[in-house]
Every structure is written in C-alpha cells, then in structure tokens.
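Shared chain: subunit A. Partners: subunit B in the first complex, subunit C in the second.
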Partner chain A sequence: MNSTLWNRLQTIDRRIIYAVLLLFIIIPLFIDIPLPTYPSKQSQDFYDTLEKVAADKGNANKIVIVNGMWSPSTRGENQWQAEALITHLMQKHLHFATLTFDTQNDTVMQTSVVEPLAKKYGYVYGRDYVNWGYRPNAVYVITIKGLVTNIPGTIKKDAHGTPITSFAVMKNVKTRSDVAAVVDITPVESTETWLGLFEQNNSPPYLFAPTAVMAPTYYPYLDSGQIQGMLTGIKGAGDYEGLLHTKSFGSRIASALSLVYALIILLVIIGNVGHFATRAAKRREAS
Partner chain B sequence: MTEYLKHLLDPVLLFGALGTIAILSLVFKENRFYRLFEHIFLGLALGYDLELTWTTVLKPQFWDAMVHDGQWAWIMAVPVGLMFYGVYTQRFAWMSRLVFGIFFGLAAGTAFQDFSARFMPQVTRSFAPNKSLIPPPPTPGDPHALLHQVSFVLNNFLFLGIVVCVLVYFLFAFEQKNRAVLRTAQLGRWVLMFSFGAIFGSTIMTRMALLIDRMYFIFHDWLRLVKG
Partner chain C sequence: MPGHGAAYFGKLAFGLVVMFAILAGLQAAPRRSRKIIIAFFTFLGGLYFALEFFYPAPSGENFLTGYQPLVAGLGAVIGSFAIGLGVFSLVQLHLRTLSRLRPGWGYSIVLLVSFVAMTVFGLMNEYSPNATVIPTVGGLWQSQNAHGMFRFLFSGGLSNLGSATFSIIAFYIASAAYRAFRLRSIEATLLMAAALIVMVGSVSFGTALTAGIHPKLTDGSENPWANLRIENIAQWLLMEVNTPAQRGILFGLTLGLLATSLRYWLSLERGAYFDKEL
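Showing the complex of A and B:
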C-alpha cells in the first residue's frame, strides 16, 4: 500500500500538475495577496545610477541610449522592465533614443511603452526623445562600433526616415562622450558587444535588463563594475516599479510568482520523498 | 450585440486569445489546433521580418539611395553579395572564399578588442588583493561597521576560494591523482552545481513570468474579468 502511494507521488499526471500550476497563477490575478517584496541590490543600483545621471547637470544635453532586443515572445518580462525604465527617464526629464536590432521590437516598444508614456508625461518626439529605429542584426557589431566616434553618421535617419541631425534632442549628440548612459533591455546576448566595443573604463554607465534566465551568467560583470545595475526579469521590473512608486504589472504578479515558486518547491519535495521512500521500501523487501 | 460581446469578438484580441490557448494546449497533448497556430506564427514572423527589412532598411538605405539619390556606387554591393553564393559551386567557390576571408579578418580584429575589453576587467578585479581582502574604511555612524567589514573580508575570501576551486576543476591537462587537487576539483564541481541551480531557478522565473503574462492577457485584456 505504502509502496504504491510513494510510486504515485513520483508519477503524478503532468496534466494535473499543469492544472494546479494554472490555478496558482490565476487566483492571485483575482485576489490581491499582499506579500512583502524588497528590491534587490542590483535593482537598487540600477535605480540609483539613473538618479545620479539625472542629478549630474553635465548630462543635460546628453542622451540615454535604450537598446531593445526583445519581442512579444518575452513581453512578460521585458515590456514591464521597459515601461518602468521609460517612466523613470521621463520622470527625471532625461533625453533618450531608442534603438533595436530585433524586427518586432520597434513596433511593440513604441506602441505599447513609449507613446502612451510620452502622452502621460508630455514628452515631445524630436525635442525630448527620438526613435533611431530598427537595424538588422547583421550590422549590430558595426553599428555599435560606429556609435563610439560618429553617432549621426552611423544612425543617419530615424525610424520615420527623417535625418536625425534635424532633431533638437540630437543637436549636441555626436560621439560616445555625449551619451549619458546605455540601457540594454534584452532576452539575448547583446551585452557583450556593448561592453566590448562601446564602453571605455565603465563610461558611460551601462545598465542591463535581461530575462531572469540570463541573469546569473552576468554576475561577474556586476562584480567587476562593468554593469552598474541589473533588473532581473519580472522581479527586477517589480522592484523598479516599487522604487518609482508606480505599481503596475511587475508588482502585481510578484505574489503569483511567489506562489508558483512555493508550488514548485513543494512538488520537488514530494517527488524526492516518493523517490527515497520507494528506494527504502525496496531495500526492506530485499533484506 | 452587447458592448462586451463586441469586445470579445474583436479580431485582434480574439486571434491573440485563440493563439495563446492553441499554443498552450501542447502541454496537455499534441494536437492539430496547436500545429495550425504554430504554422501561422512562423509564417507571420517570417513575413513580418521580410517586409520590415525591405521597408526600413533595404529600400531607404540601399534602393532609394542608389536609384533616387544618385549614390550609384551602392550597386557594387550586389556583386559582392552574390560572391557569397559561390560556395554552392566548385567552379566559383574561390569567390566566396575571398569575401568570407575579408569578413573573417574584420571579425577577428573586432574580436580581439571585444575580448580584452570584456574580460580583462574581470580578471584584474578577481586578482586585486588590496581591493578584495582589505575592507574599506567604516562608514561614519554605521552601528554595524565591524560586522560589515568582517563580512566583506569573508565574502572576498569565499570568492577567491571558489575561483581557485573552479579553475582547478577545469585543469584537464593532467590526471587529477593528488588528493588535495582532487578534493579541490570536487569542491569546484559542487559550486558549479550551485550556480546551475541558480540558473534553473531563474529559468523557472522567466517561464512562469511569460505564462502569467499570457494569463493576464486572457483574463484582463480579453475576458476583462480581472480589474486594474
């Protein structure tokens, strides 16, 4: 009897597990479960770095480059990071330029994030921000290298075909020294090229917003100071929203995420208990 | 038709919701509904990529510049691009080698700069004993200054120990017979396992965040059952 029970614990039908998982995700969407959350050091550093950039009066005529490599497939993490970031830039009146090397990013980033927030914060295209648009991934390396010494010559035209030199926001932006910070929102390995070919002695500050699955591999870059702050997936987005006092999706799903983690830990324990109990029962039978 | 029904039947939202349900249905069973939407998504993505590449890159930067703006030298890009296809015939393979060689050279030159700029700061930071093992002066007014300094030193000793253990684990040039080397390598393997565990945990976070986002779309954006 016992042996059967332990065996069952190891062979729970995956459809039951998926159904329970869905329930654990859906319930917190309907019922607000207030669980305490604390910003991680990396999220706090991300926020503090941009605060410092905004406080430095020498950055008044500079821009922040927002490189977006994400598409709808990682919207669940990257869109909310992007939304929190653009909110922060607009709250602090920092000028910025968006750039992407992903075909789908430009439309999603502009329509879902930048344009609604620009309306909310009164940001004017060309005066406060500009969209450098999409460049094919094949010219990624050469574009990043080009930005070091000649930004207008590398980008030439914005996403709508207008020469970027005609925008007020680009008036004083010529080379890397006119960039206040670089922020990379990405589900792919795009960081290495920025660090290797654009950054010089950790200047301008480089901030990183990857999907959570990528984050652990970038801790060495944080330790070495090459990355000044990192938003780890949706947790990072939630942290950032908390720091900005703008509760949105990231903060809202924190409880759902915590419950799902608890469920997965419970399932791992159940599976292991079943495994070890079955093994012990077999040993007893053998002896 | 009520306002709510109109919203539910909005083609964009309805297609998004059906697509989400179809793709997620795979976890229960392989089925035709899933296959249909998989093909639709692949076709859409490819078509979208092609259209965007032409309208935002090739047309304004290559075609219009060449045909309308008098930058006729862009025509040279065509034969150079065609040289890549020489790889498919024995007779013209030398052409592809020529362009591949040039591109390899460019990439190799960039890789040198890229490698040193990316990894040298990490190497120097790992082996800077003055920075790593001597704690910074205490912050004035910090009631736990001593604790912070001790934890700083312990943390950095731990860091150095782990770096050495992992490096020893990757010494494959000789057989690890010496007991001390063997144990150090084993410890290195264990700490690597810890880091893989962290990556697994983060992977779950990513996958669950994407699933929660889809559920949010279904219940908030489409069905409007969730408020806020």
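Showing the complex of A and C:
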C-alpha cells in the first residue's frame, strides 16, 4: 500500500463517520440485536438494595424519595433509568414521592414516566405515591436539610397545591427515619448534599443514577459504601431492565450504545494503523 | 403550583412592592453603606447555616432547626428575584440586537417569540388550562385549549429540541475520538488502553468477548482466570486506579470550595460581582 492510502485512513471524511454512526444508532432501535447482557456490579447492587428495602416489613409505611434533577436534554439516559426504577418500585408495591429541583423535570417525569406506569400497575395518586413537585434550585440545600427532621413542614404542599399531610401515603412520613431509600436520578452534581446533609451512617440507602459521563467521579462514594448502588447511564438502565425482566427501550438503546462503542474503537484502531504506517513510510523515505 | 384567588395575588403584589422598595433603598444608599448592609446580611445568612449545622442537637434538632422552612422560603424569594434579573437582561440584550439589526438578529426573534409563547401558555396552563386559545377554523384545524398548547410547546418543542441538541454531542465525540486518539507517547498509550478497556467492559459486545471464561470452576470454587474477563478488568481499573485519583481530586476540590465559601461568607471576595460594579 502507498502512503496516500495510509493518509486516507487518518482523514476519513467526518460526514461518512456521522452517517455510519447514525446507522449504528438507528438500526438497533428497530431491529432487536440479541446481544448478551451482563449487569455491572453497581447495577446489581442497585437492584439488590431495592429488593432488600421491599423485603423489609418495617418499610411498609415508609416512602422512597425519587429526586430527579434531569431535563429533556439528558432523557436519552435518565428517562430510561427513571422508567426502570419506577417500574421496580411499583412491582414491589413500594410507596414513593417524586421531587425535583429542575424546572423541566416535573412535567417530563410525570407525563412520560410516572403517569403511564401508574396506569399500568394500578398505582393511585395520594394512596401509593405523591408528587412533591418542583422547588427552586436556590433552596436545594435547605430543602434536603429540612427533610431530615420535618418532611411535612419542609414540603408543605404537593405539585398541585394540596397539603401533603392530606394524603394517605404521607400519613406516617414525618422525618428521615420514615424514608426507606433515596434515589437520585441526575445529570448534575447533587450527591454530596444528600450524603452530607441527609444521610446518617449510610441510612436510608442512597442509590444513584447519573449520566455515564459523570459516573467515574463517584467511585470513591461507592468504595466507601455511601452510594449503595449505581446505574451508569443508559447501560445501567439496560442492566436494570434486564434484572426486572422488562426489556424495553432502554435495552435497545443499550444495544445501540454497544455498537457505537464498537464503531468508535474500530475508528480509533483505523486511525492509529494509518498513523503508524505513515510514520514508517516517512522513515523509510528518509533513510 | 402557585396559589389562586384575590388574597394570593394581593400577598404577591405586597411582597413585590416590599422587595422593590428594599432594592430601591439599597440602590439609593451610599456605596459604602450598601456594601456594609450586604456584607452584614450575607454573614447573617451564613451564620444561620453554620450554627444550625454545628450546634449540638442531641435529639436531631436544635433551637435553629425549626426555622429551616422560613429560611428556605426566604432563599426561594431571593432566588426568584435573581431569575427576574436574568430574564430582564436577556430580553433587553435581544431587543437591542433586533432594534439595531445586528448580525444574528433572526435568532433574537426566535428567542423572543419562544420566550413570550412559553411564558403566556405556561401561565395559562396554570390558571385557566381549559381556555380556548385557537378557535376551530372550518375543516383546517380544530380548536386548542391552553393546556394542549402548552403540551405541544413543551413536549413537542422544547423537550425534543433539548434531547436533539444534547444528542449531537455523540457525533462530535465519535469524530473527535477518531482524530485525536493517536498513540504518540507512553501516556497517550496508557490513557487509550484504559479508555478502550473501560468502554469495551461496559457494553454487551465487550463482555461477550470474554464470556467464555466462567466465573466458577467445575467444583464450584472461584475461577482465578475470571479476573481476566473484560468487565472485571474494567471494574478493577475503575475501582483501584480511578477511585484513588478521584478521591485526591475530591479532597482538593473540597478544600478549595471551603476556602472560597469562607471568602464569600466573610465578604472577602474581590473582583467582578463583588467590589467592582459591572
């Protein structure tokens, strides 16, 4: 092969890369590619922790707080994590409360995730779950702090303006000790506040569902046991769906991600083959 | 959801008048006095949080804990005024661009129309969701109420635009990885090897590559060769190599954050937004 060909390997037109990438993303969404799925340890821990929470009879009158900091921009990852989580909570008949500090999250979380699943699993608003609604990000810290000792006084009203004490699901929920678990679905930093101000001796369990790009930053908290399970981006959502035996869109996107990673690796290898071959050819010419 | 009724709007109007009076008073005060007043209230706010956190609370609460909802409410009010200031600046900037037909004025039209539409239909969705906003016109289209219009703008527009914008990053990452990842040095080689292992180990096709190595031996004991499964190597890299590095960064960041917070609290910070007027 001549050096021009090696050069071409290093300079593939970006439009070709974009077109191939688009195909690699779209095809798995329409054709089910039977790739074997192995849940990561963190996804397995996430699932196991909620299974333990559900199995504990003492949690029957407690709630799981689902904190959503995501908006439509990261729904490609966070929505499927949220969907798998809410499915699990409903399958296990765990009561939960949704809370958000992002202006767009409440609408997308309720209309795309909670309401359709509530219909499917017969969950009744106020009896089985409640929407604490949106709070401005300016009061994020003080709200989390307030939940420790006074949940009704901190939240006061649900997303529709109804006092939360009027709901059956909130009847026994007064302080942190009435919370069975906290699940944080987020594309932004929110963990430290929960761990620093809300958690006490890793109780209640804190579970984390970040976007994939954030995940490596939080391994120290996994190592210390402060985060007791983590869903890493869409891979985590796919793992979770697999563990729940409810494979849906998250699993398909996880397959697409698998192919996209394969393509990126292939492109990197091609680029490096071109790079080394060109360098070798130049050395030969020089000698 | 905000409250309803004349009493609610009366309280809202009163609150706005009081806040604007405070802001006007601050603006009229001599610069030195204004700085002292702001520094005093900044210190007071920080003092509450610090005392509430550090003051002993054997039963989980101390004498300051009960004021948390009040402080949260005050924080929300001040935060809301900051949003108002942001909106004012944004609209002012784009109106100026439009009036002078500066380059990119078309984008300003899009921003202003989108802003007004979302604000109007967002408020109508809260206060009169069933109000007809588009009447039926012959066989062309059916009537639409405020709630439907808001859903159309939010779910059909904003939500999809947000997702699409974020998704474009994937294309740039693929292209950038292809162009930038070259084995030019030992450091680059190590970085790329780690990246590839973690990438391969975290997706299905990668884990399928070493799925033939069974975690258990035929006698039920652990298979030592299972450590060579790609997902286990990736996990080792994340837990044993990444974690200490991240922990070190975290310590540094936290110490820096602590020092900066202290400077803010004691009004020692200098520069834009502090002692310099923009």
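As a working rule, the second predicted complex is superposed on the first by the 286 of 287 C-alpha atoms of A that agree within 3 Å, B and C clash if a C-alpha of one lies under 4 Å from a C-alpha of the other, contacts with A are read in each partner's own complex, and residues count from 1 in each chain.
In this text, a residue touches a chain if its C-beta (ideal position, glycine included) is under 8 Å from a C-beta of that chain, and two chains touch if they have at least 3 such contacts.
All values derive from a computational prediction rather than experimental measurement.
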Query - Combined model on subunit A where subunit B meets subunit C, clash or fit - result: clash
Requested in this report: Considering only the touch criterion stated at the top, classify A:T165 as touching first (subunit B), second (subunit C), both, or neither.
Outcome: neither
Query raised in the report: After lining up the shared chain so the two structures overlap, which partner does A:R252 touch, if you call subunit B first and subunit C second: first, second, both or neither?
Result: first
Requested in this report: Once the structures are superposed on A, label A:H275 by its partner contacts, choosing first (subunit B), second (subunit C), both or neither.
Outcome: second
Requested in this report: Go through the superposed model and pick first if A:Y18 touches only subunit B, second if only subunit C, both, or neither.
Outcome: both
Requested in this report: Pick one for A:Q44: touches subunit B only (first), subunit C only (second), both, or neither.
Outcome: neither
Requested in this report: Give one of first, second, both or neither to describe whether A:K235 is in contact with subunit B, with subunit C, with both, or with none.
Outcome: both
Query raised in the report: Which of the two partners, first being subunit B and second being subunit C, lies in contact with A:K145: first, second, both, or neither?
Result: both
Query raised in the report: With the two structures laid over each other on chain A, which partner does A:T217 touch: subunit B (first), subunit C (second), both, or neither?
Result: both
Report task. Applying the touch criterion given at the start, work out whether A:A262 contacts subunit B, subunit C, both or neither, answering first, second, both or neither. Result -> second
Report summary line: Going through subunit A, the residues touched by subunit B and also by subunit C turn out to be 14, 18, 21-22, 25, 73-76, 104, 133, 135-136, 141, 145, 156, 159, 161, 216-217, 220, 223, 232, 235, 257, 260-261, 264
Report task. Using the touch definition up top, name the residues of subunit A that touch subunit B in the complex. Result -> 14-15, 18, 21-22, 25-26, 29-30, 73-77, 103-104, 106, 133-136, 141, 145, 156-157, 159, 161, 192-193, 195-197, 199-200, 202, 211-217, 220-221, 223-226, 232-235, 249, 252-253, 256-257, 260-261, 264
Requested in this report: Using the touch rule from the top, collect the residues of subunit B that touch subunit A in their complex.
Outcome: 27-28, 45, 48-49, 52-53, 56-57, 60-61, 107, 110, 113-115, 117-118, 121-122, 125, 159, 195, 198-199, 202-216, 219-220, 225-226, 228
Requested in this report: Please name which positions on subunit C make contact with subunit A in the complex.
Outcome: 1-4, 49, 52, 60-61, 65-66, 68-69, 71-73, 75-76, 78-80, 82, 151, 154-155, 158-163, 165-167, 170-171, 173-175, 177-179, 181-183, 192, 196, 199-200, 202-208, 211, 231, 235, 238-239, 242-243, 246-247, 250
Query - Sites on subunit A touched by subunit C in the complex - result: 12, 14, 17-18, 21-22, 25, 35-38, 40-41, 71-76, 104, 107-108, 111, 133, 135-139, 141-143, 145-146, 148-150, 153-154, 156, 159-161, 175, 216-220, 222-223, 232, 235, 254-255, 257-265, 267-268, 270-272, 275-276
